[in-house]
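Below you'll find the structures, each written out as structure tokens.
After this come two complexes, each holding chain A, first together with chain B and then together with chain C.
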Partner chain A sequence: MTGAMRIEIRRVLRDHARLPVDVDSLRDDADLFQLGMTSHASVNVMLALEDAFDIEFPDQMLKRSVFESVDGIARALDELESRAA
Partner chain B sequence: MASPRPATADQAEFLEQLLGDGLLVDSGVQGIYGKGERFEEVRMGIDALLTRTAAGLGAERLRFPPLLPRRQLEASGYLSSFPHLAGSIFAFEGTEAEAALQQERAGAHEDWSEFQQMTDLVLMPAACYPVYPAIAARGALPPGGVFVDAGGSWVFRHEPSGDPARLQMFHQHELVRLGEPERVLQWRDEWAERGLELLRRLGLAAELDRASDPFFGRGGRMLATNQRERALKLELLVQIAGPEPTALASFNHHEDHFGSTYGIELADGGVAHTACLGFGHERIVLALLRTHGLDPGTWPEPVRRELSPA
Partner chain C sequence: MTLSIGLDLTSADAVEESLRIFGARYLERVYTERERRDCRSDTGRLAARFAAKEAAMKALRREDEPIPWTSIGVCADGAGRPSLELTGPAAALARRRGVSELSVSLTHEGPFAAAVVVASLRETT
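Our next item is the complex of A and B:
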């Protein structure tokens, strides 16, 4: 996972996660749901990540744990990238 | 137009029996039926049983027409979760010439939708929806919160099906609790057990299980997984017809979704949590007919007593 991709993940979170805190101040392992991201906001994050990275999350990745932190999202994107390679 | 779900052989056969016996009256549209007297008497017995039970536990009775102001639907988030199930009301606005043209098209069963304008109303998607803004308008909740019996209201779901247990319009009896998070969750769980016991008293082999709503699309799959993992929705299931048991009732924990949406405040200023219980009157009647036979006069005495106490 490149630094550029983590910057892009944070951009998506800033635009779609509707967090009451500054996304730049978050640690990569911070729990976004505990910080106030709703289930509906997490769906918008998922759809925006698909647009931003031109990917489609498979069904087994459409769950809360995948989208609960910057690290979690990065891991899922890494896995999709290695599958595509 | 939504493509109808095909019925399984036993669902189709059950529907034929219900229509043939006069329990249901065909309308020509799947999922829309009139009801014969024997069906309706049992349904009213269930309505009374639920109303009585809720009143005994201190519920405040509120009743609403089976329509919702469109703005309430728009604010609720329903169109993002269930856009495929909603029904909006349109009505004619135009000149005499346009009215004549509309009639000409309609008379020939052609498309006349261009003469129709969206109104301020939608069909009721779930009987608990009008309760939240009504309670929010009273101001902060009293300590301990509020318990509302919203009654057996007509609700609409746009999902035509040949399964007699999947109606497009049916009575959903909603009980709603608004209050402190731990009280609301405890109430939901107590009622899940109470509902289970109530259905078993009616002689139904009901089971309680985790469930999820039919959320729309791939995002909906994520919401459904989340709902199931966190046990936000419980259902009481009974085998009626088809490959799987049918949910006769559901017990839903919304956390702060409606509290935040409508600004429902606790006595101490925090955001209220809410939960609702929905009992499907028609599904309970169908389960009873399937279990005890098509003639309620021959049902076991204790079951009949529950439905029409002396």
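Our next item is the complex of A and C:
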């Protein structure tokens, strides 16, 4: 996962996660749900990531650990990228 | 036998925002065909159904299993009494938990919608 992709993940979180904290100050492993992201906001995050990276999350990835942190999202995007290669 | 309760509160304004930004794609990824037909673009009713899905996942004691939102659907009988229909991964989780009964109650008023789900569990895994 490149630095540019992590910047894009943070942009999506800033626009859609409705977090009450500054996204730029978050650690990559910070738990977004514990910080206040609702399950409904995680839907918007998922759809916005699909738009940003031109991918579609398969049903097997629709679990908490994928969307709970920048690291979790980055791992999922890496996996989708390697599947597509 | 154990009773397990799940509760969730969802904002109708958040549903309205998702509809505005993502439109049909949001509806298709989250709601069953029946829910989309029953609710159309009524954000209060959609929010209540989203709350029911999340309440059901809590009552089923979901950990990190992948559960698509569309595998939990709200149906209503002729008298308007709601019930839950589980399919695919949600139905498999309910089987693993030994669910014998599942009840749901929904409400929405103004910007808020809520749901409570009660499950009778005979937890097996």
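Annotations for the structure displayed:
Assume the second predicted complex is superposed on the first by the 85 of 85 C-alpha atoms of A that agree within 3 Å, B and C clash if a C-alpha of one lies under 4 Å from a C-alpha of the other, contacts with A are read in each partner's own complex, and residues count from 1 in each chain.
We adopt the following convention: contacts are C-beta pairs under 8 Å (C-beta built on N, C-alpha and C of every residue); 3 or more make two chains touch, one makes a residue touch a chain.
Being a predicted model, the structure only gives us computed values, none of them experimental.
In the superposition on chain A, contact is made by A:K63 with both chain B and chain C. Legend: residue contacts after superposition of the two complexes on their common chain; A:V23 is shown touching neither chain B nor chain C. Judged by the touch definition given at the top, the superposed model places A:V43 against both chain B and chain C. Contacts of A:L32 after superposition on the shared chain: neither chain B nor chain C is touched. Residue contacts after overlaying the shared chain place A:L13 against neither chain B nor chain C. Within chain A, the residues touched by chain B in the first complex and by chain C in the second are 38-40, 43-44, 46-47, 59, 62-64. On the side of chain C, the complex with chain A involves touching residues 8, 10-11, 14-15, 17-18, 21-22, 25-26, 29-30, 50, 54, 64-69, 88-89.
Every residue of chain A that touches chain C in the complex is listed here, in rising order: 18, 38-41, 43-44, 46-48, 59-65. Across the complex, chain B is touched by residues 38-40, 42-44, 46-47, 57, 59, 62-64, 67 of chain A. Residues 77, 80-81, 218-223, 225-227, 229, 257 of chain B are the ones that touch chain A when the two sit in their complex.
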